[in-house]
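Structure first, then comments.
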Amino acid sequence: MIKVEKLNSGYGKLQILFDIDLEVPKGEITTIVGPNGSGKSTFLKSLFGLTDIYSGSIIYEGKDITYTPPHEKTKMGISYLPQTNNVFTNLTVRENLRIAGYILERDEVEERINFALEVFPELKDILDRKAGSLSGGQRQMLAMATALVRKTKLLILDEPTAQLSPKLAQLIFDKIVELRDSYSITPLLVEQNAKRALEISDIGYMFVSGRVVYGGPAKALLNHEKFQSYFLGIVGVEEC
Amino acid sequence: MIDVVIGAIVWSNLLVLLALGLTMTYITTGVPNFAQASFAIIGSYIALTLLRLAELHPYLSLPVTFILGGILGLLTYYLALKPLIKRKASIEMLMIATLAWDLILFGITGAYSELLSSITKKTETLFVFTYLDFEFYGLPGRLIVSSLLVLLTILGLYLLLYKTKFGIALRASMENPSLAEAMGINVENTRLFSWFLSGALACMAGSVLPFLQEIVPQTGYFIIVSIFAASIVGGLYHILGALIGGYIIGISESLFTYVLSIFLGPGVLVYSKVISLLMMIVTILIHPKGITGTELWRKVERWLNL
Amino acid sequence: MVELITLILFFFALYTIVSLSLNLEFGYGGIPNFGKALYVLTGAVVVGGILNRLLIWYFGIEGDFISASSIAAYKMTELISQNPLLGLGIFIFCVLLAIVAGAIVGALSILPSAKLKEDYLGVTLLAISEVVYLILFYNTEIVGGYYGVSTPDILAFIPGEYRMYAYTVLGLICAIIVYLFLERLLNSPYGRILRGHRENEDLIKAFGRDVMKLRVKTMAIGSAIAAIAGVIFVFYSASVVVNAFNRVEWTFYPFLIVLLGGKGNNRGVVLGAFIFVLLKMLIDFYKFDIKYLLHLPFEAVWLQYIIFGILALLILCYKPEGILKERPIFTPPIKSRINE
């Protein structure tokens, strides 16, 4: 689906990522884990064109999109939901969904919104509430629903379960699996909830200090020594 | 006394129009536009030109002023700001750019006022429109026209922002430009729109201003503080802030001047600026985000379901 | 011609002083001080408003402030022409007073916004400066407003034809002193912190220095220096006319100079001041010829505004680092931190 080669990027003169090689296969869930500050979010932003890219290439469905501007990528079926501020808080839920279909035809938008609401029926009762007044879980679902309105093929999620209760987090993970299975969307996520995320994933990557230290089957990463030394000490305790 | 009230409302209406543009461009472009007052004075001279050369009454020429003002706003963005934004200039640099643009507009206004004088063979460096005003059931035209302008602007903005797709996209881009971009919205359009509207509203305000006071090329330097005070007191991060701040500042200035003139006689207009400055400083000290940035306002908003 | 050169050198000295002080605040301290004119005006008020009142009181002159000032200034000038030391004494007295007044006004005016972002800083400083200017302009009882007031000629002991040269020399001496003072200041612990402040605000916080205090201090020093220029300017023109201290001439032009020369580089700023004053004086000096030659249907001063406005935009766009680029400064404490 998307293939990244030797990517070097950062903010201005500050380089964060070094020689990243990464591949997201179509129809599989790919998860990136790694300690705080290791550049995971920066990588997702780089994919979407929100950082400065110094060298390397990003190939999406055979096309080079390394320097394609974000709104063009949206039209190509790539959706990126940032960690925070991923919905417009001053707009109502309905307006958020509508604006998500900005690039579509008028009739099509209504159709897509209805479809998104079928996948996320939780949103049906709160259509006229301002997104700013929603709970964390509702907000995250709204964010994912906006991606559905947009006919997303590749869905990039930055820590979708951050600050959610374990129960809600599980609900979000289930939705992610559902998106892949029933709606042929390819999810790419970054997760602090590393263990549980890897359990639903097919492919796992691990970043440390802006470099890839592991890339391969997700299950294998769970048992990898690097993962255990970096993570289970910390995350494991949190999850108990 | 009734004259004072009328004067206060007219001045407040004009301040609202001027502050609205300042606030909108601040939200979309992130730079306080120091040339906002010069927009108004250019509007005054556009109206004067149309009056002298096309014999168009300033009220009737408002649509033309609106469009020319919009073009002025767009030029400001394209010539003074966009090249710098593209080069990722810092906010200080952008502010200096609007100061430089202000100076250019000041130079153009001054030069033009003398050029116009040489064409019409009258002194055009100082002028008023008060003698052109009409009355309607005892109410002066400037009161009716300026109130209508504010009403139409607010109504138009409301319909646009809440009822159209473009408007929703505008609100989205104002709140979170990068997310809006991710939605496929061209955020640049928001900027263009806000600069067009800012110039257009300011020039319309400027063409009504000579009904209220004398205009000279330097008048901009006299009103800039009031505009900033209005936007800041109301809140620079919310369009409605300009409406609230405009009335607070406009009415305070007028009443203060009135009270002062009772004690000190005429010629005290300049001290009204002290009031604006003080209100602005108090706002900055207590709550820099202004009235629309307070928790209380958020509650009001929720209650109004805006 | 000699006259023109002297004039250029005099204003070069004045603009050097003001622009160097702005470079301290803006170039090194990152404070967009759009109220610069106010502090130059403060120096003028010290002479026109304070010194004049002292003289009126000393000579026991009756009548309204403006005409009493003329008489006082005349009497004082007479005394000075007999006694050079008196003139220099008054000059030094006024400079010291201006330094104190400038520092106070500078510190006070940044207080409301000292903790806020650059845009609020710039707007507030500009607003304060504009309002004070307008009041001093329209109220003729404070320093004469748009009428202006006369002030004593502190170099009255020098024969008329050499007076202008003497003032130019005086201005240049002050400019040199200010330059040397600032160079030393920037190498003091305070100066290092200030330069570091722009490199990395977090680092300064880690050092335990409060950004607000740093800004207040910087504004106090910068404004004190700017006020000196106001004093010199007033004595040179032997009068205070408030219009002469407007925002264009004493806020915008110093910014143009700092940008032109290179912000954060004092030598560049001196060079910038020279180029700017040369241009400005040539336009001023030949304004009638320009008007006539180009068949302008308006005064050349408007053209000057347009030209300098465009020049500023061009510099911002194509050469934002100025003629002399700021030297990369790694001050010792930061260097050691980086090496850690």
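Think of it as A, B and C in the order they're written, each chain with its own count starting at 1.
Here is the rule we use: a residue touches a chain if its C-beta (ideal position, glycine included) is under 8 Å from a C-beta of that chain, and two chains touch if they have at least 3 such contacts.
In this text the structure is predicted, and so the values were computed from the model without any measurement.
Engineer: Treating touching as the only link between chains, describe the layout with one word: line, ring, star, complete or other.
Structural biologist: Per interface graph, the chains form a line.
Engineer: Which chain is most central here if centres come from C-alpha coordinates alone?
Structural biologist: B
Engineer: Measure off the straight-line distance from the CA centroid of chain A to the CA centroid of chain C, and report it in whole Å.
Structural biologist: Computed from C-alpha means, the inter-chain centre distance equals 55 Å.
Engineer: Quick one: report the Å distance separating chain B from chain C, using the average Cα coordinate of each chain.
Structural biologist: Chain centroid spacing, chain B to chain C, equals 31 Å.
Engineer: Once you find the CA centre of chain A and the CA centre of chain B, what distance in Å lies between them?
Structural biologist: One centre to the other, that is 43 Å.
Engineer: Can you check the complex and tell me which residues of chain B touch chain C?
Structural biologist: Chain B reaches chain C through residues 30-32, 34, 79-80, 83-84, 87, 89-93, 95-97, 99-104, 106-108, 110-115, 118, 221-222, 224-225, 228-229, 232, 267, 270-271, 273-274, 276-277, 280-281, 284-285, 288.
Engineer: Could you pull out which chain B residues touch chain A in their complex?
Structural biologist: 165, 168-169, 171-172, 175-176, 178-186, 302
Engineer: For the complex, which residues does chain C have touching chain B?
Structural biologist: 26, 30, 32, 34, 112-113, 116-120, 122-124, 126-128, 130-131, 134-135, 137-139, 246-248, 252, 255-256, 259, 296-299, 301-306, 308-310, 312-313, 316-317, 320
Engineer: Can you list the chain A residues touching chain B in their complex?
Structural biologist: Touch list, chain A to chain B: 48, 50, 69-71, 74-75, 79-80, 82, 85-91, 95, 98-100, 102-103, 130, 133, 146, 150.
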